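Have a look at these structures, which come just after this line.
Two complexes follow with chain A in common, the first pairing it with chain B and the second with chain C.
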Partner chain A sequence: MRVKSGDMLLIAGFSGLMLTLYLAFNWAPSVNINAFQSPEAQRIFYWHVPAAWAAFIAFAVLFIGSALWFFKRSPLGWKLHVAGSEAGLACGLMAVWSGCVWGAAEWGTPWDWQDYRLNTFGLLTLLALFLVLGRQSQPDGVESRDTFSTFGLYGFVLVPITYIATRIWVIRHPGPVIAGDDDSSISGDMAIVLMIGALSFTLLIIGHIMTSVEITKFEQRIDRLQKELDGE
Partner chain B sequence: MADPILELDKVTVRRGMGVVLQDFSLQIKSGECVILHGKNGAGKSTIIETAARLLPMESGAVAHHGSLVCDGQGRRLNPEKSFGLTLQSNCLVASQTVEQHLTNVMDLCAKSIDLKPILSAFKIANRRNDKIAHLSGGQQRKVAVIAGLIPAMVEQQPRLVVLDEPDSGLDDAAITVLVQTIHELRNIGHCFMIATHDSRLFECGTSLNDLHSEKTQEVSNDARWVVESESKSLKLLKTKIGWKYNSSTLVSVQRNWLAALLVMGGLLSIVDPLTLSDETVILMGFTLAPAFTLGLVGDAVFKILNEQRSIDWWRAQYNQVPNSYVESFISGLILTTISSQIFIQSVDYRIIIIGGLISLFTTACVRFLQLSTIRLTRSNAVFIRLLTPILILPWGIIVDYCAKL
Partner chain C sequence: MEDNTYLSIAYLGMILGLAIWTWTTISRSRKLELRIIAMEESLNVKQSEADSIAVLNDNTTE
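And now, the complex of A and B:
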C-alpha cells in the first residue's frame, strides 16, 4: 500500500502530540504556585495553545478556500473549504474543551459568556460546526457551495477580532503568549514544549487538510460516476 | 421600436453542479406572449425564476422595463414596477382567506379592484372568505394564478406577467377562462412569459419557444381587458403585510410568546426573586431573558412565508420580504413589563424600552441568518441556529448595563 505525504504528516503530527503530552506532564517546569489558583491545571496550556494555533491555520485555509470558490469557482477552493472547516472544527473543539477544563479549575467556571476571547473563539468553532453539519444536510451544488463559502468569508472576520480580543478587552482570558508583549514571555523549557506542541499540531493540520482534499476528490468522482450511471 | 419589457441578456445559470442555461437571451415587448414549451428539465422554470430574480446567475443580466434587476455580478435591484408571478408552487399562506391573499397582491401594486367578477369567472367567488387551507388543490391553484394576473389586471400601463405551468391542476373551464383573460390583458399591452406543456395555452402565444428555436404566430382574439382600479398607498407595505399575516395566523403567539413565557415560568420555578434582591445582575438577566428568547425564536412572518414558497414570491417582488418587527418590539415591551414586575418588583420605562429593542434586534439578526440560507435546496435542514450564540455576548453586556441603571 502506498503511503501518501498527507498520511506521513498525520503520523508525524500525532507522534509529536504524544511527545508534547509526555513532556507537558513529566518534564515541563511547574508554574509559580502563587500566580495561579490551580497551578497543576496550567499544564493543559501545552495542549490548549497549540490547538488554538492550529485552529487559526485551519480557519485561514477555510477563508482562502471560500474565497477561491466564491470568486473563481475553483474546485480546489471548495476542497480547501471542506478541509479547513473540518480541521477548524476538530482543533477548535480541542481548544474550547481544554480551555473549559482549565477555566473550571482556575476560575471556578468553565465558561464566561461575557469574555470576548472565549465567545469569539467559541463562535468560530460553532461556525465550523455549522459548515460541516450544514454541508452534510444539503445536496452538493453551486447553491450550497455559494452559501457556505459566504459564511466562510464572513466568519473569517472573527479571526483577527479573536486574536486581538485579549489585548483590548482582558476580562478573564489571559493575554497572548505567542507574539505578545514583554510581559507575556515564558521560560525556556516551557517554550520548548510549547513549540513542539505547536509544530506537531501544525503538521497534523496540514496532513489532515491534504488527506481531506484527497477524500473530497474521491467523493466528487463517485458522485460524477453515479450521475453517469443515472444517465444525466 | 418599443423597448422590451423583459430582457434576458446572455444569461448563464447553474443549478446543482450542472449548467442549465448557457448564454440564453430573450426579449419580450409590450403586447407579446412567449410560450416556453421545452421538455422536462430543459430549463423552463429556470428561465422563469431567473426572470423573477430568484436564481443567481453566473453571467448575464435581466432587465424589467429597461432597468437592470439582477446580473451575474450579484447585483439585485428592486423592480421599479410590480410584475405578475405564479410559480410552480402556489406561494399561498394557508391561514389567510382568498380575499386577504389577493388584497395583499393588490397592496403590492398600490391599486385595488373589485375581485368579485374575477373570482366569479374562475368559479371561486363563493370561497372568497374561506381560508386557503380549506380549498381543494385546484381551487388553490386558481387563487395562485389570479394572484399572478392581478398586477396586469389593475394597470393600464404595460406590465410583465410570468407564469410557470399555470394550467397545472386547473379544470377545462378554468383553463378556458385563463386563456381568454391572457388574450384580453395582452391586447391592452401587457406582456407574458408562460411555461407550459398544455397545448390549449399555446393559442395565447405570439411566439412559441422550445429554448432552442422560436416560432412566431398570429393571434386572432381582439377582446380587451377593461381596467377599473383605484390607487392605494404603498407606505410601510412590508410591515403592514407582516402585521396582517401575524394577526390572521397568531403564529407569533404560538411560537415566540409561548417560548418566552416558558422561559419566564422556568426561571420562576427554580428561584424566588425575593431571595436574590442583592444580585442585581442576575435579576436583570432574568428580567430581560423573556424578551431575548422571543427574538431568538425568530421572525414569525418568516415562518409563515416558508409555506408553499411564499417567501420566494415576495423575494421576487422586493428585496425585503414582509417582517414582524413591530410585533416583536411591542411583544418585547409587554414581556419586559411583566418580567420587571416579577423579578425586580418595579417598572422602569428605560428597561422596558431596552427589552423591546432586544426583541427587535434579536429577531432581525435571526431573520438575517435564516435569509442567508434561503437559497439552499433544504434550507430548513441547515443548522443555522448554531450561530445564534453570537447574540449572547451583546445581550450579557446590555444586562450588565441595565443592572447599573
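And now, the complex of A and C:
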C-alpha cells in the first residue's frame, strides 16, 4: 500500500511528540520550586501549550472552510470545515484534559468558572463537539451544511477573545509564555522543548487535516456510487 | 496525590486520546478506500471526485 503525504506528516508529528516528551522529562530544567505548588506537574505544559496551539490552527481551518462553503459553495471549503472541526475537537480535548489535571495539582481545583481563558476555550471545544456530533446525526445536504458553517463562522469570534484573555483579564490561568511581556518569558532550554512540541503538533494536525479531507472525499464518492448502484 | 501522579495521568490521557484519534482516522480512511475500489470494480466506473451536494446546489441555483 502506498504511503501518503498525510501519513508521512503524522509519523513525523508523532516522532516529534515522543522527542518532546523525552526532553521534557530528561532535559528540560525544573521550575523554581517556590513559585509553584506542584513544580513537577508543570512539565504538563510541554504538550498542553502545543495542543492548544494546534487547536487554534484547527479552528482557523474550520473558519476558512466554513466561509468558503457558506459564501462560495466550495466543495474544498466543506472538506476543510469537517477536518477543522474534528481536529479542533481532538486537540481542544487534549488541552482541556491536561489543563484540568494541572489545575487540580496546582490550584487544587480542575476548573475555575471565573477564568475567561478556561471558559472561552472550553466553549470552543464544545462548539467543535457540537459540529462533529451534529454532522453525524444529520443527513448531508445544503441546509445542514449552511447551518454548521454558520456556527463555524460565529464560533471563531471566541479565538481572539481566548488568545487575549490572559493579557487582559489575568485571573488564574498563567499569562502567555511566548510573545508575552518581560515577566512571562521562559528559560532558553524550556523554550526549545516547547518549540519542538509546537512544531510536532503542527505537523501532526496538518497530517490529520489532510487525511480527514481525503476521508470526506471518499465518503462523497461512496455516496455517489451508491446512488448509481441504486439507479438514481 | 503526588506531582508525578498528576503528570502521568495528564500524559497518559493525552497519549491515549491521540492514539485513538489517529487510529480511528487512518483505519476509516483505509476501509473507505477499499470499499470504493470494490464498488468501482463492480460498477465498472471511472474515478470521479466531485461533491454531489455542491454539484446539486450548483444545478439548482443556475
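Just so we're on the same page, the second predicted complex is superposed on the first by the 232 of 232 C-alpha atoms of A that agree within 3 Å, B and C clash if a C-alpha of one lies under 4 Å from a C-alpha of the other, contacts with A are read in each partner's own complex, and residues count from 1 in each chain.
Operating definition for what follows: a contact is a pair of C-beta atoms (placed from the backbone, for glycine too) under 8 Å apart; a residue touches a chain by one contact, two chains touch by 3 or more.
Worth saying up front: this structure is predicted, and the values here are computed from it rather than measured.
By the touch criterion stated above, A:Val142 is placed in contact with chain B and with chain C alike. Look at A:Trp107: by the touch rule set out above, it reaches neither chain B nor chain C.
Counting the residues of chain A touched by each of chain B and chain C gives the higher count for C.
Look at A:Tyr163: by the touch rule set out above, it reaches neither chain B nor chain C. Contacts of A:Ser74 after superposition: chain C is touched, whereas chain B is not reached.
Looking at the shared chain after the overlay, A:Leu127 reaches chain B, while chain C stays out of its contact range.
Under the contact criterion defined above, the residues of chain A that touch both chain B in one complex and chain C in the other are 73, 140-142, 223. Listing the residues of chain B that touch chain A in their complex gives 14-18, 56, 58, 372-373, 375-378, 381-384, 386-387, 389-390, 392-393, 396-397, 400. Those residues of chain C that touch chain A in the shared complex are 1, 3-4, 6-7, 9-11, 13-14, 17-18, 21-22, 25-26, 28-30, 32-33, 35-36, 39-40, 43, 45, 47-54, 56-58. Residue ranges on chain A touching chain C, taken from their complex, read 1, 7, 10, 14, 17, 21, 38-41, 43-44, 47-48, 51, 73-75, 78, 86, 90, 93-94, 97-98, 101-102, 104-105, 140-142, 145, 204, 208, 211-212, 214-215, 217-229.
Every residue of chain A that touches chain B in the complex is listed here, in rising order: 73, 113-114, 116, 119, 122-123, 126-127, 129-130, 133-134, 137-144, 146-147, 150-151, 223, 232.
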